[in-house]
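The structure is given below, and queries will be raised subsequently.
Just so it is clear, A, B and C label the chains in written order, and each chain counts residues from 1 on its own.
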Amino acid sequence: MKTISITAALAGAFALGATSAAQAWQPTKPVEFVVTSGAGGGTDNFARMIQSIISKHKLIDQPIVVVNKGGGSGAEGYVYGKGAKGDPNRVIFGTNNAYLLPYVAKLGYKYSDLTPVAGLALDEFLLWVKGDAPYADAKAYLDAVKAKPMGFKMGGSQSKDTDQTLTSMIQDATGVKWIYVPFQGGSAAAVQLAGGHIDSNVNNPNENIGQWKAGQVKPLCVFSPVRLAKSDPVFEGKGWGDIPTCKEAGLPLETFQMPRTVWLPAEVPADAVAFYADVLEKVSKTPEWQEFVGRTAQTAKFMKGQDLADFVAKDDAANKKVFENEGWVAK
Amino acid sequence: MITRFWAEIATALATLAFGLVIVNGALEFGIGWDSSGPQPGAFPFYIGGLVALASLGTLVVTATGRFAGSADLPELFLDRDRGLRVLSFLLPLLAFVVLSATLGMYVATILYLVFTMRIQGRYGWLGTLATALGTAAFFYLALEKFFQISLHKGPLEPLLGL
Amino acid sequence: MDNLANLMHGFSVALTTHHLLLMMAGVLLGVLVGVLPGLGAPNGVSLLLPLTFSMDPVSAIILLTSLYWGALFGGSTTSILFNIPGEPSSVATTFDGHPMAKQGRATEALSFAFLSAGFGALAGVILITLLSGWVAKFALRFSSPEYFAVYFMTFASFIGLGGASPLKTIVSMGIGFTLASIGMDSVSGNVRLTYEFDVLLAGVSFLIAVIGLFGIGELLLTMEEGLKFEGVAAKVRIRDVVLTAAKLPRYWLALLRSSLIGIWMGITPGGPTAASFMSYAMAKRSSRNPAKFGKGEPEGVIAPETADHAAGSAAMLPMLALGIPGSATAAVMMGGLMIWGLNPGPTLFTDRPDFVWGLIASMYLGNVVAVVVVLATVPLFASILRIPFSIIGPVIVVICFIGAYTAAGKGFDIWLALIFGLVGYVFKKLDYPIAPLVLAMVIGDKAEDAFRQSMIFSQGSLSIFWSNPLVTTLMAIGLTLLLMPLIGRAALSLRGRATARSD
């Protein structure tokens, strides 16, 4: 009897070893998912989607507890993560704000307090105008803005965040000048555009899809090197894949994307990083994840290790340049 | 004990200090009005200033009221009996907060309820322990098990394997 | 009448045994999270969210909204019994609800609260049914200046109320405003007034403030007075619930006025908390004996409760039709909608009529179920007050502090609650009004944001506040409300002088 069970256990171990190379580390107590946004925010949906996929496919044996720490634009969550130095049971979900926030505000953490684990997707940014606006393409709109500096209003999320950074990049690339109005978030900016209170926004697809479906807003171009994946038509026969890239549309700014990222506190064992990276890689291959990414029109892109480090370095440099030009860097 | 006069003065001084701290903190962000409206520090600056001014006003009103012989100012804010009653409630409460921060909230809950019921309320041990352990167990089951929210824990819970 | 046909179809979707059971479960869970201060509806909804991933969207939203209704009711319960508002929107219920409980009228207060809340909620849903299309269009006209005007109206209606010293009112309101501005300032992207303490990054939570100011402050006062809750002598009978229900129609005017205020604040961005404060203020202002308010006047319970729930249900409309979450709970539910594969927005009504009208029908049913369930719990809750204070007092202390911790999972908040408790005690003894502090804390930062956004819109010109008929009307109403007590007082003193002269 005994031998059989031992053999079975060994076989099981080999089977596991075959799928995921030498798993030295496993969580020993409930895993805490720290969400660096309030409940209902983009990062919250990201983390809870992953939680639901992990529990459905039983990728982690321990229970998962999600906590929202969205204060200070997410800084609260990163500070909380820093407090668990060396503890691999606290996983932090965020965006590029992990490394960008410490530039613009005096905060209780540094980027070096975090260990990068993986990036799962890139959220896209589009240039949107009101549905009945007289501009057929990005070029026409930008020409109008150029003709009347500070005469048009760009709305977006809070100041010094991605939306304003992108606005600043467009201004540098094209020489136009908007009045930037910061709102509480992308959904507020979407409604303000639909109501005609602002002239444009640079929302993520997910933030504006409801208004686009109703024809209240329309996309002019996407800040991505290639067009978005084909989708079902959203409005008047056009889908996500039919939107030109901004470069095609004559706006000389190729890429602006926001990574959806996962982090651990500093000084955790390398095995633990490998464990989570592996779990997340499995998540990224499930049909549920593909469906989620497709529905929210994000671009699926799994990154870990060197890929991720390269991406972060490049993204960090591009953003830092804007912060310095605009004088946003906190002393 | 303390008269209402001194209680008024002490409170007004505290709110004055609060106002000044806010004013000072707001100065860091610019308090002017530029092309895009008030700067980030403006609102806290003026509100803090208003709190400080109103506190000064309360100080003046209280002081003049005393010289004018206002009826309620010399009254006791707290007499001996009342003070003792408040302290008998406040001190264990303070101990509960300190214990919560050091021994964890479950242990603090049990110790606090046992103290207030057995020592202060003179209930029997049976009722006391049932209430104390019952309350702690209710929160443990409701929060940790059902809602998956963990309370602050001290050094004792791991020993029990919780 | 399309809407009515749709609604009938909605009832056929919502009215199944399975859904009714879900409603009961949701309401009971909601009452539980509402009763525990700090847990609140947003926590409850986000905790249940993972469970709903595998459900069909209609069942899922029915479960979550029922939990929301339950939590709103549960929040009122603790407001009345222990002076601890379980939800921000039930703060105003404490003003008269708790005095009633102390006088041994807990059953009456609870029954009034639940029944009028149910009335308000139904009024809100009826509005959604009849006017969904129009309201969605109307809400689109709101931008930052209009938002500011709505907040201004709320302040204006409340400010002239209290009998407290104006200096002390200013101090109290100012403290509320400053506490609200701690943390991230979204208009500038700066972190303000944290003095580089990490614990202040997320700001000072409103929940911690009310747990301290109301809950612990009240306990200290009760202790000082050497009072026991007088509920000990009160008999708790289900008959009293029925008797109270029979008295409700007498307050038809308050019910109607409060429903209108609530609906208005629900579809504009004011939200339930502002609605309950404003409704309380209007009830007191229009009452023939305003002096009775704050001392256990049933209308002081009915007005905020009706408005709170009318706003809570009317706020579901902007969420569905525009994708603006009207409250923290709505934000979590919107996250849920996305995960279930629905996109909130103007086309949700035409894309997924089953879902929308099923939900609206479930709001009718859910609220009726909720009222029945919570009324049945009244005797149970009211009899809690018969437990001697030397037991229930410490247990409330434990509940308060555990609530303070669970609100954000921060140890620092326990200390903060203690400080707020002492402040609440001293302020009450020295006649500093606490309500302005609380109101300023809830809508102060939103009002500031809206004001500064308006200034960015207009590039620094105040004329934006009378730049279109809508915002001009709102500001005019606000100014009238603000000046009315002053004018009233001036008129009184003139008349006083006139009579003095004629003597």
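FYI, a residue touches a chain if its C-beta (ideal position, glycine included) is under 8 Å from a C-beta of that chain, and two chains touch if they have at least 3 such contacts.
From a predicted model like this one, the values you see are computed outputs, not experimental measurements.
Of all chains displayed, C has the C-alpha centre closest to the centre of the whole protein C-alpha set. Set side by side, A-C and A-B show the greater C-beta contact count at A-C.
Among the remaining chains, A is positioned farthest from chain B, on the basis of C-alpha centroids. Centre-to-centre separation between chain B and chain C, using Cα means, comes to 24 Å.
Between chain A and chain C the centroid-to-centroid distance comes to 33 Å (mean Cα coordinates, whole Å).
Rounded to a whole number, the gap between the C-alpha centres of chain A and chain B is 40 angstrom.
Taken residue by residue, chain A touches two or more other chains at 179, whereas all remaining positions touch fewer. Multi-chain contact residues of chain B, defined as those touching 2 or more other chains: 36, 148-150. For chain C, residues that reach two or more other chains under the stated contact definition are 187-188, 190, 409, 456, 459. Interface residues of chain B facing chain A in the complex, by the touch rule stated above, are 36, 148-150.
On the side of chain A, the complex with chain C involves touching residues 38-41, 44-45, 48-49, 51-52, 55-56, 66-73, 75-76, 79, 104-108, 150, 153, 157-161, 164, 179-184, 187-188, 190-192, 194-195, 197, 206, 209-211, 213-214, 216, 292, 295-296, 328.
Chain C makes touch with chain A in their complex at residues 42, 45-46, 49-50, 53-54, 140-144, 183-184, 186-191, 196, 198, 201-203, 322-325, 328, 331-335, 338-339, 341, 343-348, 351, 408-409, 449, 453, 456-457, 459. Across the complex, chain C is touched by residues 4, 7-8, 11, 15, 18-19, 22, 25-26, 29, 33-41, 43-44, 47-48, 50-51, 54-55, 57-58, 61, 77-78, 81-82, 85-86, 88-90, 92-94, 96-97, 100-101, 105, 109, 112-113, 116-117, 120-121, 123, 131, 135, 139, 142-143, 147-152 of chain B.
Those residues of chain A that touch chain B in the shared complex are 30, 63, 65, 179.
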